[in-house]
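Both complexes shown next keep subunit A, but they swap its partner, so subunit B is in the first and subunit C is in the second.
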Partner chain A sequence: MNIIVPIKQVPDLVEELEIDSSGTGLDREWLKFKVNEFDDHALEEALLLKEEHGGTVTAIALDGGDIDKALFAAAAKGADRVVKVTGGGDTPSNHEAARMFANAIGGMDYDIVCTGVQSVEDRDGQLGVILARYLNVPQISVVTGVTVAGDKLTVIKEYGGGTVAEFETSMPVVLGIQAAREAPRYVPVAKVRRAMKSTELEEVSGGSADVNTGSHVNKMFKPEVAGGAEMISGSDDDMAARLAEIIKG
Partner chain B sequence: MSNDIFVIAEHLKGKTDDITYEMLGKARALAGSTGGSVVAVLLGSGASGLAADYAADKVLYVDHASLAEFNPEAYGKALAEVINSQSPQIVLVGNSSQGMDIGAALSVDCNMPIVAYASDMTTDTVTSQLYGGKMSVESGIDGDRYIASVLPGSFPADAGKGSGASVEEVAAANLDGLNITFKGLIEPQGGDVDITANDILVSVGRGIQNEDNLEIVQELADKLGGVLSCSRPIVDSKWLPKTRQVGKSGLKVKPKVYIAVGISGAPEHIEGMKDAELIIAINSDPKAPIFDYAHYGAVGDLFDIIPSLTEKL
Partner chain C sequence: MNETREVFRNFPVWMQIAFYVAALGMTAFFIYGFYKKYKKYRKGRDADRFNNVAGRFMKALGMMTTNSTVFKRDIYAGFAHWLIFWGFIVMLIGTAIVMLDHDFIELFFHYRLLQGTFYLWFSLFMDIAGVGFIVGLLMMMFRRAKKPPQLNYERVDLKKEEYDRGAYKKDDKAFIWLLLIIAISGFMIEGLRIMSDGYPEFEVWSPVGWQVAHLMESTGLAAALGASLHMYIWWFHGIIVLIFIGYIPYSKAMHMLLDYANLMFVDDMAAKKLPRVSEEKQKEAMGYVKLEDFTWKELLDFDSCTKCGRCHVVCPANASGAPLSPRDIILDMRTFANSNGGGTAEWFNQSFTKEKGKPGDKKLAIAGDIISAETLWACTSCMACVEACPVGIEHLTTIVNLRRTLVEEGEMEDSLQDALMNIGDYGNSFGKSDRMRAKWTKELDFKIPDARKEEVDYLWFVGDFASYDVRVQELSRKVATILHNAGVSFGILYEGEKNSGNDVRRIGEEGLFEMLVEDNIETLSGANFKEIFTTDPHSFNTLKNEYPEFGGNYIVHHYTGLLLKLIGEGKIKLNNKLQHHATYHDPCYLGRYNGETVAPRELFNVMGVKLTEMPRNKENSFCCGAGGGRIWMDDSKLDKRPSEMRIEEALALDGVNTFIVACPKDYAMYSDAVKTSGNEDKMVVMDMIDLLEEAVLVDTDDASHVSMEIDS
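Moving on to the complex of A and B:
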């Protein structure tokens, strides 16, 4: 079973976000980036499937930022191949990114594409869904479980309130992973460093990203506060004392 | 192109989801601007009765055995056919589990732009909540038509409830040879506490950093006679069971007291707890969106404040 995992980096929301001088995007100069957390889950699910059923896992990402490090981390976790897709712009829309991924993946031999169900900057829709259309294969998103049943997959899709739906799908298929069956594995920095020396980072061209996203950003702004909390100040102990009073009513 | 506003109805277990009514209400306002009609698109099998209380001018109903339950492939094909043949100006779909499979797919199949995480829209702009609700982005539409995937809870549901819409059945697209088959729904296992039935919830998020630290929030919950709930990352990390998750993909709760500890307040979480009677938020980030929804907020280190609070109760 061959599984491809497209990953991308997104701004780390732990950092304070500032708007750039154009007023239409984030100021990226000091921004810290990290791998989209759902992509971490997609990689974990792919590695679990490989460990159970054999095959290969290929992590693939568009060039930009410190994506090399993210790909080597994927290799350190167990990805067999890591591939960088070159030729894209700085901040492609998801339609553009999906087009380049499809160009790169289209010629590969795969059974499953596992990608994160969403990211914090999916302004033009979720990548996996668009990618499936460009690859012309079926897709299921918000996936929290995958098991192999002969030449098909049983896939669990999550709804609200704890209810889930079970689907059977043929392969190839694109799965938008919400959560892997296990928490994503941790990999120590030393192991990533070793992977940097021992792993070949392949490069393929993303080709033309000539798709029409069909919208543009007029402006980015911080959300208006509707009511807002009454903020309690003071030392930690003072705040705790006031909170205790509020809770006791 | 027509100037109609289409709303993709969403249903599960024989009940229309609130997001459908929320979108129908907003669609009415948009139709006032375009001069078009509000059209609900309902897919199912023997399910046209669901549309009886839709506040729409017309309901397009597609009936097919393969549409009895949501199926990303079957619903995608059927909806693409309806939208391509009717050519509405605006399509509203939920930014929900079902809607996520549909919206972006229709964008490709119908060659229409999509704007996701939408919390408001006009005939030519859509406002999205991105970066976990920390930024709003207004998108301009390049052409005349668009799809918006709408965040649940953005509009009142009551405005979308009415009666008397005519139901017009339209033929389904060819749904032979589907790759995806619906097998069944699985309900959550019982056995754990029911967080929707508890008056006091101490809810913990990513700020707790690791599983061992759950102890200090558990102690607070015990002291208050409440139970521990959490945001999605805690469940995804397997630190607490799914039955404890508050939010879009978890449970909606309305306790008397909701204490959000180390939860930043992404829209998906807010959706599940904003109706609590008293919301208290403790977070190290003064700009965390949770403070917009809380009644009382404290900025600081939860590892200092929580044990101190437990002691004082």
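Moving on to the complex of A and C:
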């Protein structure tokens, strides 16, 4: 079973985010980037599937930032191939990213593509969906469980309100992983260093990312601060009375 | 009359020959046992322990002859061991003299050494040694009968039905009874000889034999058993001695030879400075996976253990109900090494549990199966085991080497994994931006110089907790203010500083440690300072002991030493005598690791603080439970947290209501512990700098306001 895991980097939220002068994006000069948390889960699920059923895992990422390090870390965790997609811009939209991933993946031999279900940067969870459309294969999002049943997959998808659905799908398929069965594994520094020496970082061109579609940002701004908090104290009766007063308005 | 005795008196020649044959056979068996061990040690990796061989030899000789490491903190056991040790040595030398005299000097030179005055002194000396020997053995038997906790062989990681340690108990009994029987039967032979010789006058120089003779005669024992009794007892004694010689390499008696070697080859820096992984080794694995990965010293460590249990009872993990006993790690590793390394199986070997499979099973992972991951992760790296061990075993080095394997396999708690990832990504365990590292300085009304840009006398290596933990930040500001007011030239590295790596290394993440060291050394080499100080004993240890190996050579102070120096120089002026009645917790990495126990106490002295020591103090301090990465692991499964036990130890002291620490992690741990144990109203946790702040306050009204009223 061959699994491909597209990885992307997102702004690290430990840093304070600033909006750039255009008012439509983040000031990237001071940003630090890290691998999208959901992509880490997608990679973990892929590695677990490989460990169970054999095959290969390929980690693939768009060029930029510290992506080499992220790909070597993926190799250190157990990815067999690591591929860097070159030629994209600094901040590709999901449509553009999906187009480039599709260009790169299209020629590869694969059964499953595991994407992270969404990223902190978009929160719309569309990358996997669009990618599946370009690849012309089925897609399931918000996946929390994958089991192999012969040449088919049984996939658990989470809906809102705690509802869970079980799907059966043929392969190839694109899965948007919400959470891997186990927490993403730790990769010690020594292993990453070893991977840097022993792994070949492949490069493929992302080709044309000209998609002429998708949304664009009009204005980006920080949440406006409003209201306040009232700490209710006093005896139980006092507090109950005050609560009732607030609820009644 | 010639004062002497006849060897082999009345023995037919065949009997004498039979004895020599048996003696040679047993000696061969003895040599074979140690030869097999030697072959096993040779399978181990090289360890750099042959520097200063003469110095090592003499130092170990001193420890051995005085039994100083056995006496340490246990005078009773030390004295009993000393009696047995010297009793044995004297009698061994005595027997050697008899052999030399009879089988060499008399045979070839027709002269006898053992006669006349020399023989009389010899007899007296042997009798005294024999009595001391028996007294020592009886003391040990009495001690064991009282079942002290350190001699409890119960495992803390397995249920009772999952293992059997009967073999160890048999070995204990065999060892002590063999020795006792040899001593008593020896005196009986002497007594019977004196009796059958008709009590020659000079034999009063064998006072014990003399009394034994009378005793056996008066009770009618000798008469009842007939004239051949002397020969029977002689043979009995001889056979037991030969059995004992053969028994030595295959039992706990091997410690008589091995432990001198282990003390001789001990590393004084063990645990304080952990071993690097060679470039060659790094290509395969950072940690240990097979017997050949261990150094010969580690393999010798495993055989050196006498199960005295000192490490077992000082271990904070063990005390808190975690599944770790340093003793059992060493003993399990011994069983493993013997099974896989071709060493001689002990007669009284310990088997693994059924679940763990046969000891020789190659499929068992050393880190994970032989020693479970839970056991390895329970260690707080406090070094109490290494410090307590009377025979120079370096438990902690082995534990870290096995942890390295767990890290390599990613086998660790999620919270620990998060901490490591944070340290890797941001240089701190808090997962905060590295740019926020010096944010705590913003509230100061002066700016601390950036040592990367300005020249300073002292570089303050602040550390993670003192930089990011809200409670400790307050202490950091006090340190800064006092130094600033004292006119001390000091600076910090701002966002250039990273976690020092001390605990990262003890977790077993050697690659990350090396990365941190390289980054810190690079930043430090770009800074302009004379000496370093830190409030964090953990950073202190690695900066002082481990950075030099990576090219970072600095003079490093702990702030307690620096503050004392500044007070002595008059730079910090004390304006108030404090009224506290306090106890002081020695941080593991300060007191035990680095022997700094004087400066903190001297500070109390100059500030007027009344200090009452906890029973476990200085090098014998009891860990708070935070070290070795434990601070990032779950401690909710412990029966009782070490920090809470420590607070109780302090509460038991009369009149003490202030608990002084000198370590950021201690401050965090003990502030929690007084709350979780419900002792907030009885004990106040303060840092050394809190005290100093009170002592330097100019307004005395303020001082009395801040300081607590105690000691009525």
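Quick note on the criterion: the second predicted complex is superposed on the first by the 221 of 249 C-alpha atoms of A that agree within 3 Å, B and C clash if a C-alpha of one lies under 4 Å from a C-alpha of the other, contacts with A are read in each partner's own complex, and residues count from 1 in each chain.
Keep this in mind: contacts are C-beta pairs under 8 Å (C-beta built on N, C-alpha and C of every residue); 3 or more make two chains touch, one makes a residue touch a chain.
Only a predicted model underlies this, so the values are computations on that prediction, with no experimental measurement involved.
By the touch criterion defined above, A:H216 reaches subunit B but does not reach subunit C. By the touch criterion stated above, A:A59 is placed in contact with neither subunit B nor subunit C. Once the two complexes are overlaid on the shared chain, A:Q126 sits against subunit B while remaining clear of subunit C. When both complexes are overlaid on chain A, the residue A:V187 reaches subunit C alone and has no touch with subunit B. Taking subunit B and subunit C in turn and counting the residues of subunit A each one touches, the greater count comes from B. After overlaying the two complexes on the shared chain, residue contacts for A:K34 are found with subunit C alone; subunit B is out of touch.
On subunit A, the surface patch touched by subunit B in one complex and by subunit C in the other comprises residues 14, 16, 183. Interface residues of subunit A facing subunit B in the complex, by the touch rule stated above, are 11, 13-14, 16-17, 19, 26, 37, 41, 94-95, 117-118, 120-126, 129-130, 132-134, 137-142, 154, 156-170, 173, 176, 178-179, 182-183, 212-223, 225-232, 236-237, 239-244, 246-248.
Across the interface of their complex, subunit A is touched by residues 12-13, 69-73, 96-98, 100-101, 103-105, 107-109, 111-117, 125-126, 128-143, 146, 149, 179-188, 224, 233, 235-238, 242-243, 245, 248-252, 257, 259, 264, 278-282, 285, 287, 289, 291-301, 304-306, 308-309, 311-313 of subunit B. Within the complex formed with subunit A, the residues of subunit C that make contact are 277, 282-283, 286, 407-408, 410, 412, 414, 417, 420-421, 424-426, 431-433, 435, 509-512, 514-515. On the subunit A side of its complex with subunit C, the touching residues are 12, 14-16, 32, 34, 183, 185-194.
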